[in-house]
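Here chain A shows up in two complexes: once beside chain B, once beside chain C.
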Partner chain A sequence: MPLLEMKDVDTFYGELQALFKVSIEVDRGRIVSVLGANGAGKSTLLKSISGLLETRSGNIVFDGKRIDGLPPHDIVDLGLSLVPEGRKIFSSLTVRENLMIGSYTPKARKQSHKTLKGILKLFPSLHARISQKGTDLSGGEQQMLAIGRALMSRPRFIIFDEISLGLSPLVVKELYRAVKKINQEGMTVVLVEQDVKRSLKVADFAYILQEGKVTLQGNPRHLTEETVKRAYFGL
Partner chain B sequence: MTAKPIRLTFIVILLAFLVTMPLWASRYAVNVGLLVCLYVTLASMWNLLAGYSGMVSLGQQMFIGLGGYTLAVSSMYFGVPVYLSVLFGGFISVFLAVLISVSVFRMKGVYFAIGTWVIAEALGICFSNWGYVKYGMGMFIQPAYKLSMSGVYYAGLILCVSSVALVFLLLRSNLGLALMAIRDDDQASETLGVNIFRCKFICFLLSAFITGLAAGVLYLNAIFIQPFEAFGISWTVNLLFIVIIGGIGTVEGPILGAIIFVLLQQFLSEYVGYNLIIFGGITIGVIFFAPRGLVGTLQMKTGWELFPVRRQ
Partner chain C sequence: MIEYLEPLINGILLGGLYGVVGIGLSMVFGIMRQVNLAHGELMILSSYLSLVFLQVLGLHPLVTLILVAPLMFFIGYLIQILLFNRVMQRGMEPFLMISFGLSIIIQNALLLIFTPDARSLETAMVIKGVDVFGLFNIPLIYLVNFTVGALVLTALHQFMKRTYMGWAINASADNETAAKLMGINVNKVYAYALGIAAVTAAISGVLVGMSFTFYPHSGTQYLIIAFGVVIIGGLGSLPGTFLGGLVLGVSQLFGGRILGPGFQLLSGYIILLIILTVRPQGILGGR
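Entry: the complex of A and B
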């Protein structure tokens, strides 16, 4: 049984339909990539999974439990965590406080000191800046902080929304190394990206969205550039 | 690090001054001290809502009126000891807060402000038409005549110290961290596992409880309660003045603001009519020149806090 299963999900913004019968499966321990241009519905998909948006029909099952309709904090508590697009570092909190807020759920809070140590080992550059304001960090460090913050809830399943957005290639490379390491530690990973090439390179499986529908899915090694382009742009 | 001893010395001196006040000060001065204590309490609770939880309430007077009337009814009609009646006032306020939370928590921003205000106004009208509490004529709280000034003063002082301590400890706790995160970005904090409703609910109930208690002590001192005064918007307008000139979203702001407010109120009491103009003028001036309030601006310039709530 897949860890996350989304079946025939329709999501609306008021009257406007943004997802059309989207079905997605993510198996345990995998890295799954979700691709699509601006407005393809990637963010809507994430908001539907994390509980920020209510789905109108279909269902979402995480580890055998239906999560559509649950409030976001309950979904986090089940072990599903999100690194938001644009990092969303809390501006009035220090690096340490930003990390601590990640382990807000009671289960995670008990182990927060241990988790924090592990995260500082994964991102040593955060260690030196632990007492600084989160938003005083460089773009790359802020992204590391956002990832660390999501890891503080000790998730089994972690979604990265546009982690390479606006960062230098060198930093992006380092971040992807971290993503692989996180995956090797046993976490199931979903990468939502516009950087098609890089994310297909690390993914075990890919979904391509266009105008709110899944237009292509499969093992990235079996997808040709031609079919990806067509599914991505609809040409 | 010499900041900590300085801070502690300052707090100890301040507390010693306040605790010994009834021994050496005049009755009038003690009365002013009591008013300061109560306004610090009320303003801290409004600040907890507006400054930290993003709930700008214009209806704190509903808890003031309810706290006062609970004191009046239970001490006059049921012969309950006055201080126990004050405590009842706090519980009744929490009860009201739970009742209305279902509806007011659906409102955001300015709608929340208006919603809470309307509830307070409605309660004022209800009480003024209710024979049991003597309609609009109001009630004299006779058992409060027998109380000593210093007894009431100490009740106010205890409330004042514990409400400041409570806000301080709350902000240093996990709940405080969550409140700050919600204030920065509510959606991001939600996806990190913060239960926004729960955080705001806790603050709302705490604020209602302590406001209800403070109202009880206030009416122990005032002795007379009347519905349109008790449920009037001017209470919250005063709190707004205190918190804005002191510094919204700071622990110390309401303290400084309350001292300034009560002293001004005393000095200006002879000039009825002009006092409102002066209060308004000061508020506009502070908003122009120190938008974070006196304490907030001072903290930004010097970095010194009496009650540091940040985790280093």
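Entry: the complex of A and C
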């Protein structure tokens, strides 16, 4: 049974339909990539999974439990964490406080100090800046902070939304290394990206969205550039 | 110079009290971007609750806080859950209307139960004085007010810096969506925040009740002081609120000394007006 299973999900913004019968499966321990151009429905998909947006029909099952209709904080508590697009670092908190607030759920709180140590090992550059304001960090460091913050909840399933947006290639490389490491430690990963090439290189499986529908899915090694392009741009 | 030392010291001490009066209003604005017009009534409600416990149980007014503070936390929590949380996403007007309605309800309920007579939480502290270098006397109650005020603001600051609830309150204020993704139940956090604001109302209500006489409609008067304090200091800033209290307290007493007692309130508001003109965000206000 997949860890996350989304079946025939329709999501609307008011009267405007943004997702059309989207079905997605993510197996345990995998890295799954979700690709699509701007406005393809990637963010809506993530908002539907994380509970920020209510779905109109279909269902979402996480680890055998239906999560569509649950509030976001309950979904985090079940072990599903989202690193939001644009990082969304809390401006009135320090780096340390930004990390600590990631372990807000009762389960995560008990192990917060141990988890914090692990995260500072994964991103040593955060260690030197631990008492600074979170928003004073560079873009790359803020992305690391956002990832670390999401890891603080000790998730089993972690989604990265536009992890490389606006960052230098060197930083992106480092972030992808961290993603692989996180996956090797047993976490199931979903990468939502516009950076097609890099994302397909690390993924075990890929979904391509266009205008709110899944237009292509499969193992990246079996997808030709031609089919990906067609699914992505609709050419 | 000596003749100005007395209004200076008394003004600072009074300012400590004003700081606690303003902190609840400042918190709610800083966290929810909303103005709670019922804050003054929450204060005076606390004064009357203290009066009841004082008369029934024979406790010292400060000791009644052991009962009044938790009770007010609970009341604040419920007000947020039952009323304010329903309109948080709809801009400032509905929140203003509801809190204004709430203030009228509390005021009239107090009038009905306690009659319009003047009351006070009587303690010997009002009569006792502290001698300052043999020059003049400071009422002991002023010293108590300042100490309690400084303690409350320090404790609140530590709470916000060191506890999960403090971080969660700040996080929710910064970015509600991101806070939800941390597993924070934002509505519950807001309820805690209003509960804490109500506890500061309880503390300032008891201090005010010990220092001055109060009536069912006294809340409005303190709401105006609270507005003055947070506008001078900067909305949402904790140290700013304390500083705002000091500035308002000192300018009131200085004005009273120089221009005569009738000018006490006026001179406070003239300073407020000047600060609004030169620094509209308040002395320590940033955002």
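Heads up, the rule we're going with is that the second predicted complex is superposed on the first by the 235 of 235 C-alpha atoms of A that agree within 3 Å, B and C clash if a C-alpha of one lies under 4 Å from a C-alpha of the other, contacts with A are read in each partner's own complex, and residues count from 1 in each chain.
FYI, a contact is a pair of C-beta atoms (placed from the backbone, for glycine too) under 8 Å apart; a residue touches a chain by one contact, two chains touch by 3 or more.
A quick note: this is a predicted structure, and the numbers were derived from the prediction, not measured.
> Between chain B and chain C, positioned on chain A by superposition, is the outcome a clash or a fit?
Taken together on chain A, chain C would clash with chain B, as the superposition shows.
> What is the contact status of A:Ser131 with respect to chain B (first) and chain C (second): first, second, both, or neither?
first
> Tell me which partner A:Ala231 touches in the superposition: chain B (first), chain C (second), both or neither.
A:Ala231 sits against neither chain B nor chain C.
> Please work out whether A:Leu82 is in contact with chain B alone, chain C alone, both, or neither, and reply first, second, both or neither.
both
> Taking the superposition as given, does A:Met187 touch the first partner, chain B, the second, chain C, both, or neither?
The answer is neither, since A:Met187 touches no partner chain.
> Applying the document's definition of touch, where does A:Ile101 land relative to chain B and chain C: first, second, both, or neither?
In the superposition, A:Ile101 contacts both chain B and chain C.
> Just to be sure I read the superposition right, which of the two partners does A:Leu93 touch: chain B = first, chain C = second, or both, or neither?
Touch partners of A:Leu93: chain B and chain C.
> Between chain B and chain C, whom does A:Ser50 touch in the aligned arrangement: first, second, both, or neither?
In the superposition, A:Ser50 touches chain B and chain C alike.
> Counting contacts the way the document defines them, which residues of chain A are shared by the two interfaces, the one with chain B and the one with chain C?
In chain A, positions 50-52, 71-73, 76-77, 81-82, 84, 88, 90-93, 97, 100-102, 104-105, 108-109, 149-150, 153 sit in both the chain B and chain C interfaces.
> Residue numbers of chain A touching chain C in their complex, please.
Touch list, chain A to chain C: 50-52, 71-73, 76-77, 81-82, 84, 88, 90-93, 97, 100-102, 104-105, 108-109, 149-150, 153.
> Tell me, which parts of chain C touch chain A in their complex?
The touching residues are 161, 164, 167-168, 170-171, 173-175, 177-186.
> Spell out the part of chain A that touches chain B in their complex, as residue ranges.
50-52, 71-73, 76-77, 81-82, 84, 88, 90-94, 96-97, 100-102, 104-105, 108-109, 131, 149-150, 153
> Quick check: in the complex, which residue numbers of chain B touch chain A?
Those residues of chain B that touch chain A are 174, 177-178, 180-181, 183-185, 187-195, 310-312.
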